[in-house]
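Take a look at the structure below.
The chains carry the letters A, B, C and D, assigned in the order they are written, with residues numbered from 1 in each.
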Amino acid sequence: MKYLTAVNDQTYLIEINDDRHVVVDGKVYDIDLEAVGDQPLYSLLLDHHSFEAFVDEGDTGWLVLLRGDLYDVKVEDERAVRLAKAAGAGVVQVGDFHLKAPMPGLIVSVPVAEGQKVSKGGILVILESMKMQNELKSPRAGTVTRIKTKGGDNVEQNQVLLTIGE
Amino acid sequence: MKYLTAVNDQTYLIEINDDRHVVVDGKVYDIDLEAVGDQPLYSLLLDHHSFEAFVDEGDTGWLVLLRGDLYDVKVEDERAVRLAKAAGAGVVQVGDFHLKAPMPGLIVSVPVAEGQKVSKGGILVILESMKMQNELKSPRAGTVTRIKTKGGDNVEQNQVLLTIGE
Amino acid sequence: MVTKVLIANRGEIAVRIIRACRELGIETVAVFSEADRNAMHVRYADEAYLIGPAPSRDSYLRIDKIIDVAKRSGADAVHPGYGFLAEREEFAGACEEAGITFIGPKPSAIAAMGDKAVARATVTRAGVPVVPGTEGEGALRDDEIVAIAPHIGFPLLIKATAGGGGKGMREVHNPEELPPALAAARREAEAAFGDGNVYLEKLVTGARHIEIQIMADTHGNVVHLGERECSIQRRHQKVLEESPSPFVNDDDDLRRRMGQVACRAAAAVGYVNAGTIEFLVDRDKNFFFLEMNTRLQVEHPVTELVTGIDIVKEQIRIARGRKLSREQSEIAMTGWAIECRVNAEDPYNNFMPSTGTVSASIVPTGPGVRVDTFIYSGYTIPRYYDSLISKVICWGETRGEALLRMRRALEEYKIVGVKTNIPLHQHLLNSHRFMGGQFDTRFLEERFQMDDEGAQRPEIAAILATLAAHRRGQKAAQIVRRGDRDTSNWKWVGRYERMHR
Amino acid sequence: MVTKVLIANRGEIAVRIIRACRELGIETVAVFSEADRNAMHVRYADEAYLIGPAPSRDSYLRIDKIIDVAKRSGADAVHPGYGFLAEREEFAGACEEAGITFIGPKPSAIAAMGDKAVARATVTRAGVPVVPGTEGEGALRDDEIVAIAPHIGFPLLIKATAGGGGKGMREVHNPEELPPALAAARREAEAAFGDGNVYLEKLVTGARHIEIQIMADTHGNVVHLGERECSIQRRHQKVLEESPSPFVNDDDDLRRRMGQVACRAAAAVGYVNAGTIEFLVDRDKNFFFLEMNTRLQVEHPVTELVTGIDIVKEQIRIARGRKLSREQSEIAMTGWAIECRVNAEDPYNNFMPSTGTVSASIVPTGPGVRVDTFIYSGYTIPRYYDSLISKVICWGETRGEALLRMRRALEEYKIVGVKTNIPLHQHLLNSHRFMGGQFDTRFLEERFQMDDEGAQRPEIAAILATLAAHRRGQKAAQIVRRGDRDTSNWKWVGRYERMHR
């Protein structure tokens, strides 16, 4: 299997043919990967160098927490990428942003109204959890198209609170 | 449900009718029992007194390790005991003793032969595990009727090594 | 007498206090909310009583219920920990009234220091320097505060009168920001302390937050245990503390003067038991009283490690009416200690609190490492309380050794299931300015970045992610393949038929 | 130079050494057997190399493979830990030959002290008192030993010449017992050390086992770090150690004399680095040299906690050619430290070793508690190595505080999945004789019982067992009942159909 793996601005071509080796941009490494106690925590020996890292799938790719640094990694099947390119890619993804509750908690207030324009960084919702009031901000400019919560509501994690349109 | 529960020389009549109470020899206690992190480790609040203990089923009964003391506890359904008594009990259990390997290891030697008489405490097998040579002794006097292992064998836990007859 | 102590708290500090009691042969009584049945303090105490629903105001803040449990259980003393009721005059008073020893100062001292505005006025009279602000003005309305603000001058800090821990605190840089900031601060203060009163204080820039631990007994002895450096803060909450302070360091004269002023501030309110005087120290080593915390401090372990004094045991000793175990001349600081507060929050997502079940917790151990925590594998962190889940405290002969030890401890610490701010601490410990001791209270928020763009091992991360993705893909493929095999089908069919018998 | 250290060991001591290196900024290289891929030392080191199959003789005892890894990895130093190759002259020699710094004494010193019989002869010449035995006789055949035995007099001890850790040791009370005991001792010594040679020593009764930690640098300085009390033993293996010894305690003169003799013994062989001189001390405070361990000791942490000296870091310092960090006059013992060795063995079943997967490990933390371990939740303990899985070390201002702290630490320590000897330690800490410091080397085996017949809480145990049995019964009933429900059936049917599409 070949993968195109991107971290920050760099992309690696990584080939995995057996359990004991990887080929990264043509260079062969000995590897030995073990999960630690059935957790998303891994011990990797790479040419005898020992690394421990959390490796978990996030919303937009794989998250690797390694020696205190977090890497957001996109892993794609190289063949799939090639096929997609051949089919003509380049779709611009624009759409609604759904603000989800990042944790369960109590809605303190919703300082915006439906139809209101918001700028990037504008406060959308104040959510109380673990005794802290957290200001949930807009990741981009847009218009509040739908509000699905109000002050006093108890919300679950990932519950959609409101939607920002174009 | 009523249970007859024996520890050392003492037997308690324990009645459990709901999740929040037990009745021990007629005395009612408030209880709150929780397993700690999905382990055979329990937290018990008994009339607000907090106890932590390992509770696990052993070969001959329940083993309770509480504040550094081990209790071997027999729990029997009170109704079943009554029925058994009515049916006439008192069966004397005598039979073969099967020496099982208490842990995986390497058989160093078997200093007895089939047909040999052994006394209580006599060494039957020397088993090496974790760099220690462990002498497995006879729990009673008898005759070695069958030997199923020899020096140099690698044995698994609970594998029968030999049998002592009358 | 102190033979049975009720701990009116939860979390790591409840565990910390229970441990001290156990080691003194004193019985312990825990109280817990409905969210805390599986908490460690419930398991480690001799007795435990449910006192109400999860929200603090229905449980850990209910004085009546706690006093009731103390009476029912026969506890003859109460330790309040920090937070919750620790600095509530009424609570100390209710204990006194019920004939229960409150392990802390007298209600009058809590009252005098608890209203931060009154406290500033009080110590000013005792000749202790304070940062200019609205001290001595009592509780002010919004319009009064708006009117006074320009006289103190911007930038300003709004602080909760009943405050602590950065809650209900806001910075204000110009008059326009003042009204909304006041509203936010009062709202947060009301939620956190049940008291929406606030006061103003001049914002001293380039300052350090350095505090002095004091202990006072009922025989009139007051000593100080040196200073703690607490300038590493985020949203006015301490994140990392050390003792000694790298700023004070070899300046024994400054330490002695701050210590003397701290003892004087404590004496001004007839203080008894352990307390902390917080100072702002400017670049020229002028120091100003900020407030006194009339209770055990979260960061007390760094002082314990450098002085060898067990502050909680000393608190109990004082509550028993004994003399302090050491005189000022017998107290020395040996080596260096650092504490990292581990919070359940995501340092990569605006420090959002993170809750959930801890599926694994591998704690750093070995020489010079102390961990004060209450989480364990399988424990579910409730969403109702503070995000502090653990404190890692390292001692070294020198600051350098303590820093290196902390680095290895944090690298070892593996908490799975919830996000923590451990990466923040790891970045901090690699920061040259931090290593050089070059920081003030604004450092963490203004001159420090959790920027992992330049992180050193992108290739390793790429390999790890690719291997994980590859394995997941293979496992998925295997499941499909296995589904086609006969043996497996037979098993399912067997189950299906058993069910329909 | 020491910039990259290969740790020729496994388990807790490998982790301990890696931690010291990390804190000094030194790179680390782990070696591991096929049974140890998931071991903590592999995960914590910077590099890790597989060196062979699980049995020690095929991996951790393979000098050739370890030297080869040192060369391949570019390690410029080797730390041998304890056990395995730590006291093999050939290994230290092979390192020297390969130009790799051996963090320990010269091969000649290992050889002189490693043959226990030769060691006794050597120190006798230096004026150090020894227990009568076959020292100076060289390797003896069985018939020679049988002939000499009556001249020394019974009871006797057979000891392995290459020995340590109680392996290959047997007590003999009369001439008839000698031949079978010799055979057993040789067999065990051969298995453990690859050397079946043994010697005899008079068995001193009512004696204590007290040892002195020494440190010697390459500049001719030798200091001692006080004593450790190691009389609590089972089958000649230490179980619990403390420093200071309750027997020496305030007798500074005895401590000084033992320290001086220890330094003299070390000097007699040109000793460099950390080492331990073991003494037997009789009731009248006469002390006799037993043997010298030319390596780091399992129980070194108790000395670290009372002296504040990090012995492993000091070892590296010495190996770098530096002077000792402290002179004798700067070394003082503060407070009291106790270590409990936690072994994976069943104290209720003749201390049978216990292996398996650790399904949970909740480690005691908080003030004054240090844990040196290598196990974690999910780790499977291999059956090939020593049963020591953890060391709990507690410090207190007094012996009383240390004991009480150890009690609470052991009560907190929860290891699930394997049996441990923690209950043994808990019984010990409750024993009045132990608490009073009234014990000799026979105490644990002869005057101590793991008798739980009189345990205090049979009713609580009965309730717990009954509740567990009841719950299990209910759960079983529920499974049967659930099987009858439609919803559940639909789920099975759904799966069944998916599979047959």
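As a working rule, a residue touches a chain if its C-beta (ideal position, glycine included) is under 8 Å from a C-beta of that chain, and two chains touch if they have at least 3 such contacts.
Only a predicted model underlies this, so the values are computations on that prediction, with no experimental measurement involved.
Student: Which chains does subunit A share as contact partners with subunit D?
Tutor: Neighbours common to subunit A and subunit D are C.
Student: Quick check: more C-beta contact pairs at B-D or at B-C?
Tutor: By the number of C-beta pairs in contact, the winner is B-D.
Student: So what's the Cα centroid distance for subunit C and subunit D, whole Å?
Tutor: So the centre of subunit C lies 38 Å away from the centre of subunit D.
Student: Using the average of all C-alpha atoms in each chain as its centre, how far is it in Å between subunit B and subunit D?
Tutor: Between these chains, centre-to-centre, one finds 30 Å.
Student: Can you check how far apart subunit B and subunit C are, centre to centre, with Cα atoms defining each centre and the answer in Å?
Tutor: So the centre of subunit B lies 47 Å away from the centre of subunit C.
Student: Provide the C-alpha centroid distance between subunit A and subunit B, rounded to the nearest whole angstrom.
Tutor: Spacing between the chain centres: roughly 51 Å.
Student: Among the residues of subunit C, pick out those that touch two or more other chains and give their numbers.
Tutor: 44, 360, 376-378, 411
Student: Out of subunit A, which residues touch more than one other chain, so two or more?
Tutor: Residues 36-37, 39, 52 of subunit A each touch two or more of the other chains.
Student: Mind pulling up the subunit B residues that touch subunit D in the complex?
Tutor: 1, 3, 5-8, 10, 12, 14, 16, 22, 24, 29, 31, 33, 36-37, 39-42, 44, 46, 51-55, 57, 61-62, 64-71, 73, 75, 102-105, 108, 128-134
Student: Please give the residue numbers of subunit C that touch subunit D in the complex, ascending.
Tutor: 15-16, 19-20, 22-25, 44, 301, 304, 308, 310, 334-335, 360, 362-363, 365-373, 376-378, 396-397, 401, 404-405, 407-408, 411-412, 483, 488-489, 492-493, 495-496, 498-500
Student: Given the complex with subunit B, which residues does subunit D contribute to the contact?
Tutor: Counting only subunit D, the residues touching subunit B are 56, 167, 184, 187-188, 191-192, 344, 348-350, 352-355, 359-360, 383-387, 410-411, 414, 416, 422-423, 425-427, 430, 452-453, 455-473.
Student: What does subunit C use to touch subunit B in their complex?
Tutor: Subunit C reaches subunit B through residues 30, 37-38, 42-49, 73, 376-379.
Student: What does subunit A use to touch subunit D in their complex?
Tutor: For this pair, the touching residues of subunit A are 32, 34, 36-39, 43, 45, 48-50, 52.
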